[in-house]
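Chains: A, B, C, D and E, in written order; residue numbering restarts at 1 for each.
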Amino acid sequence: MGQKPGTLTVRPGAPTPRLFLMAYDEEGCDEAEYTGRYDELLTAMRTAPERKYWLDVRGYGDLPLLERIMENFNLHPLQMEDVLGDYQRAKVEVFDDNRLFLVSRMTEFTAELDIDDDQLSIFTGPNYVLSFQDDYDDCLEVLRNRLRRTNSQLRRQSIAYLAYALTDVVLDHYYPTMAAIGDYIEELEDSIFLAQRERRLLSRILQVKKSVVRFRRLVYPERDKIAEILRMPDEVMPEEMKTYYRDCYDHAIQALDLAESYRDTISSLVDLFLSDQSNRMNEVMKVLTIISSIFIPLSFVVGLYGMNFQHEDGHGHVMPMNMPELYQPWGYPALLVILALIVTGQAYYFWRKGWLSNND
Amino acid sequence: MGQKPGTLTVRPGAPTPRLFLMAYDEEGCDEAEYTGRYDELLTAMRTAPERKYWLDVRGYGDLPLLERIMENFNLHPLQMEDVLGDYQRAKVEVFDDNRLFLVSRMTEFTAELDIDDDQLSIFTGPNYVLSFQDDYDDCLEVLRNRLRRTNSQLRRQSIAYLAYALTDVVLDHYYPTMAAIGDYIEELEDSIFLAQRERRLLSRILQVKKSVVRFRRLVYPERDKIAEILRMPDEVMPEEMKTYYRDCYDHAIQALDLAESYRDTISSLVDLFLSDQSNRMNEVMKVLTIISSIFIPLSFVVGLYGMNFQHEDGHGHVMPMNMPELYQPWGYPALLVILALIVTGQAYYFWRKGWLSNND
Amino acid sequence: MGQKPGTLTVRPGAPTPRLFLMAYDEEGCDEAEYTGRYDELLTAMRTAPERKYWLDVRGYGDLPLLERIMENFNLHPLQMEDVLGDYQRAKVEVFDDNRLFLVSRMTEFTAELDIDDDQLSIFTGPNYVLSFQDDYDDCLEVLRNRLRRTNSQLRRQSIAYLAYALTDVVLDHYYPTMAAIGDYIEELEDSIFLAQRERRLLSRILQVKKSVVRFRRLVYPERDKIAEILRMPDEVMPEEMKTYYRDCYDHAIQALDLAESYRDTISSLVDLFLSDQSNRMNEVMKVLTIISSIFIPLSFVVGLYGMNFQHEDGHGHVMPMNMPELYQPWGYPALLVILALIVTGQAYYFWRKGWLSNND
Amino acid sequence: MGQKPGTLTVRPGAPTPRLFLMAYDEEGCDEAEYTGRYDELLTAMRTAPERKYWLDVRGYGDLPLLERIMENFNLHPLQMEDVLGDYQRAKVEVFDDNRLFLVSRMTEFTAELDIDDDQLSIFTGPNYVLSFQDDYDDCLEVLRNRLRRTNSQLRRQSIAYLAYALTDVVLDHYYPTMAAIGDYIEELEDSIFLAQRERRLLSRILQVKKSVVRFRRLVYPERDKIAEILRMPDEVMPEEMKTYYRDCYDHAIQALDLAESYRDTISSLVDLFLSDQSNRMNEVMKVLTIISSIFIPLSFVVGLYGMNFQHEDGHGHVMPMNMPELYQPWGYPALLVILALIVTGQAYYFWRKGWLSNND
Amino acid sequence: MGQKPGTLTVRPGAPTPRLFLMAYDEEGCDEAEYTGRYDELLTAMRTAPERKYWLDVRGYGDLPLLERIMENFNLHPLQMEDVLGDYQRAKVEVFDDNRLFLVSRMTEFTAELDIDDDQLSIFTGPNYVLSFQDDYDDCLEVLRNRLRRTNSQLRRQSIAYLAYALTDVVLDHYYPTMAAIGDYIEELEDSIFLAQRERRLLSRILQVKKSVVRFRRLVYPERDKIAEILRMPDEVMPEEMKTYYRDCYDHAIQALDLAESYRDTISSLVDLFLSDQSNRMNEVMKVLTIISSIFIPLSFVVGLYGMNFQHEDGHGHVMPMNMPELYQPWGYPALLVILALIVTGQAYYFWRKGWLSNND
């Protein structure tokens, strides 16, 4: 902050850059790692200008090297700042007339219910694609395999197609992320009605909501990026490439649709959770009410016959006489019958109200 | 995922394709099933190029056959991928200048409160319509009957009209879906106030909400598709066809309006449900409060007269004398009267507060 | 459904069409009912082509007649389908170059808290307005009276003005509908705080909400219709007529504004209702708490002195001696004083907390 | 309703029109009331056409007079209807080429927590501004004072500037309205946590919300009006005037911003209110729970020792012998100790749970 | 209010203006404070017109001085009013053809959970930037240091770049504000589940929400301002400057994104708070229910055996005989066993329902 815009800085702890070069043409594909041998890499690219190249830089832990790359490939410092910065929305920029600078965000749904996202920055050139990522692992292996395959369709296509394929692979990777979220939501759905639900279930529901919202925010710019590509003039983006990007656009829309529908589901989950919470309170109250309503009156009745009303018999003796029912042989049994009737009556009342069943 | 875009795959378990051909002109309509005899079908179409054809492919379980169709009818792999994929939003594409690729989604409201949707993909050609669906059953029988009818208006119309009629039939089919949802919502509305309402009523309400939202999401692209058709230049979509599509557009808008109003109704149902839940708790609390408030004070009073306060009479005898009211003949009756007064007073208080009636 | 678009059907039970013709010019206005004498009506219109005509068809129960009208007045089957269908949003269409097809919806707020709406379909012609409605009663009588009046301004105006006046009368009729809703909302507002509020008050509130939302949905297309009229080229809609429609537009906006503010009010009512429901629970709980908190401790105290702790006096006599306070003459009065102090203390505590007053 | 559009009616009880004329130029300003002397007023305006005039009509209780003004100043009946009607949104209309018809709404926040709004209608002419309001009092006095001031800047400006100044004064008057609402909201904020909060506090909160929403709805058209002015061609609204209106636009936006932030605050107040309501219930329940939990077990224990278990001693005497602890001298004290331990234990439990403190 | 637009007033208590001048070119940078020596400052600027100047006015407490600056630098009174007013949204205006008037708002998140914002107003000129702020302290020191640095890039850039750098520094300063809010939100998140949570926690949550909303409202116009700059014609804003502003635009969008996600988090916090509040009530109710359900029935049982049912033995003696179980030696132990069974049964029931654990 407060630095000159375009000042390059690398986050501390970034891994040492590894340089991978795939050189391919219709006949075949050669790949090699040039880590630490950047000059050899440049030489390799220059000696066979008729081939197509994918130069993949992984790890940003060597600023001078990155600055050399920037100069050799004629990148703008502000672009490089976007590459190295810790967060850049998906976007596309045209520079040097027809070259493209594409930023995509690769997502993963982690065990902490979070969206982990990495940035893939791509620069196109006349016969190469230059990609940057700050991690050794990525989701691009499927693409490399397609290049390596004998008889690969991909190798026959233009370099613009490779840039497209990289964009498309990242987009395709949104589906497993969404599927993982979807599975987790279903799990949450089941948890709500468990008798012993987890104390922080709502926290988890809301955490997933956060992830879905975050995901949506990552994909929106992706969609806008592709929409911008579709609006580009034909000399920058030829019509036949646009057909492919149109397909990408459909995928982005569908990922957003899915995210939107997850959001709705999670809202419903929150409603369900709160209603169930209220239900549980209701159940607690019912137990209290049923037991209290039955036994408090009973206690009164037995208390009544525990009173010490007596009368003096004229001989100085105090005789319990005021409550004649106490002295009848049938008194106690009769009382027990009355108590049983009270209990039965109340039980009937509660049963009719549906409080004895569990369903509400 | 990770596959080359435009790579065709068929979902496992897709049924074997059945091929139906309806050949028609003003005079009449011949229909035949060519399942397993694709070449004969092609021959049939070629021998009478002056007729109009509706080739209906149902079931995707034979990829090589589908690829042959793709080549014969000059379809783009990406289009075919949209046909075979498991989800493609309604859309329209113009290709080969004036041919149309139309995707519609057919809906059904299932007993599981879900929206079941199938895809209908249509390609138009100079004298044919080619339709794909992955199911033997569909909602297009009404249209076939219109073609079969003696004196059919439909047979006199252009092939573009057939494509329109297919789109229209799918749109018309949204109304029974919505009607089924509407009926179900009314049923839910009645369930809320039942004494013994179902334990998972809210789940069901929210499930229907999900369906309505899903339906809306299916119909929005349908509306956009038709709006796009209405904006097409006259050489692609002649003005007289647009009159018909304008009618479709109105129907789509009205389906969306209905979905919107269902959403509102369901929101209200959720409010009602939660308020009623709170009401039920209230009722439980009232029973507890009324019974406790009446009997706890009574218990205190009878407990009072169960105490053993006594005094020594000077002769070493302990005499109960401190509580003179205990020794009066009127003591016990008087107490009963007092208790009755307490009960009456409280009952009056609760009655005035409206707690004895059921209405809140 | 599944029918050819443009196939006319009439809802079962539609009343027999009644045909009313008002023929007018600056000098005067002749009106007659031609029910069952459609040919005479046509003759009447043809014999005096210099006059202006309002042909008002009420009731759709005679399809062949309606089809004859359709042909005589050169209407499109799809337009006629819109006239006869059970629901068509307000809209405007230009046809035959400068003729207009206008659909308006007339509303009424019923005793069932519902919006009752009927459709008024209008076709303009060179010297006539043709209106259709499926009901004998309508809200257009005010307009007829204006035509009948000696010295009527309306009779001097063009036929386009009559179409405008019909649109305007329907719009004007929205205000009594809204006023009825407004009155009802105020009634609901008062009901919320009644001691004995109705059991299904919330249902009613939400029912009114539904009506307001429905009303809004009816008026939105009305506004859009007028906006479309205002954007029409001058040869279709002359500038001087637009001045009048601009006034209509303001009215539609204000009706929508009012509906919007009703929606807000109803949202507030729901909040108030729920808060009051919670309040009532609170009150119930307070009664329970106050009575229990006072009498449960008292019961304990009197229970304490109802215990049978005794001791043997050495002569085989069991003497109650362990609880000396029981044998003091001041024992019982002292206890009563203590109980009174407990009650007073708690009453003071509850009073300070504000639980004894009714206001929360 | 049902009247010819453009028919003028005046609300019953409108005050008699008072006519004020301010005639000014760079040198000075003459003002006079011409109530009842309209012809003199006209004469005055005609005799010095080089001066600028502000004719201010207050009160609509004389329809013929208003109709004469309408004719003399060449106003359209529909415009006059907007002036006299009971509600017209803020708007601007251009008529007679370059004349403006401006409607503004003046607001006030009343003691009934309502927004009181009056309409100010302004017509511009070559050398005059004609303003209408249905009330003798207004918020324009500040402007009159600026005209009266010696060396007034305002007098040097064009007549268009006067129209602007009138619009600006009304806009400026929104701030005290908003400030009054803001103060009231702060008062409400404090009321929520009062121990003895008012019974209808929520009603009041929601009433203020209604006012804020209403205010917003008044100001939105005001903003749109000014935006429309800013888009006017230079011959209608010269660029130098637009600079001033741009300032107005900023003010309108800021008033809307403020209204928006009040709405948020009120939403938060509702949340706080409901949470506090729930809190209060919680507190009630805690008191009940603490007292019941302590004394109900105690009552059981003392009840236990109130039982009459006895045994026959073989001599026909019934001796209380089954419960030996009753006959020990330490029995009673021991029991008291046990009871005290129970109370202490529970008190410790409740204290640890934080139920004895008041904070939640 | 009611003042002539463009009338300058200064808030009472504004600090005396301090005038700072930084004069720089590629070679170096001279800075001096000219407080109280405005004329010298002007002279300094005029004597070296080939250098670039940043004139920084801090404090508005001297209106005549400000008016002199306004005249010397040819500023419009309405612009000056925006500078001095207490609140002006971020905006950009072009004046005198290519000069810019830029308003930015500098934010800070205070300990009172409020957003403190100050205004930075910038005017560009051919070789100077004129900045105004009403405070001695600011967040521009980083920029000054960049100017002072030997070999400063900034000094080589055009004066337009300095204006950009000022805008950028303010934007950069949004991040610490957001970070402070983010930290605070995390703190709140932890507080919710504390056993003894603060009484006014919800107030604090809602206060932060207010700040976030406020921040968003501050940044939206900032974004719009930059978008407007990006749309400016090249003669006002050269393309190479736009590259930098595009970077600013990304930053503004990301600040808004962050604010949006904070808003979501806070909404979730409110949900969590309310659910936890309900949970706490639930827990209170469970304690009440468990204790009452266990001891109220027990009290009834012991009350039963405290009753005084007796019978006369024929000798005038009243003998307790009706309840034979009272006279069995095993009576009391048997009863204790029964009581223990009741307790065990209930405890088992509550344990199975999960009420004894703490987790819900």
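One rule holds for everything that comes next: contacts are C-beta pairs under 8 Å (C-beta built on N, C-alpha and C of every residue); 3 or more make two chains touch, one makes a residue touch a chain.
Each chain and its UniProt protein: A, B, C, D, E = Magnesium transport protein CorA.
The structure displayed is predicted, hence computed values, not measured ones.
If you take chain A and chain E together, no chain is in touch with both. Averaging C-alpha coordinates per chain places the centre of chain B 26 Å away from that of chain C. Each chain gets a centre from the mean of its Cα atoms; for chain A and chain C, those two points are 41 Å apart. Contacts with at least two other chains are made by residues 278, 281, 285, 288, 292, 296, 299, 303, 306-308 of chain D. Here the chains make one closed ring, and walking it from chain A through chain B gives A, B, C, D, E.
For chain C in complex with chain B, the touching residues are 1-6, 76, 78, 81-82, 87-89, 91, 195-200, 202-203, 206, 209-210, 213-214, 217, 270, 273-274, 277-278, 280-281, 283-285, 287-288, 291-292, 295-296, 298-299, 302-303, 305-308, 319-320, 326-329, 331-333, 335.
Of all the residues in chain C, the ones that touch chain D in their complex are 142-143, 146, 153-154, 165, 168-169, 172-173, 175-176, 193, 243-244, 246-247, 250, 253-254, 257, 260-261, 264-265, 268, 271-272, 275, 278-279, 281-282, 285-286, 288-289, 292-293, 296-297, 299-300, 303-304, 306-312, 318, 322-323, 353-355, 357-360.
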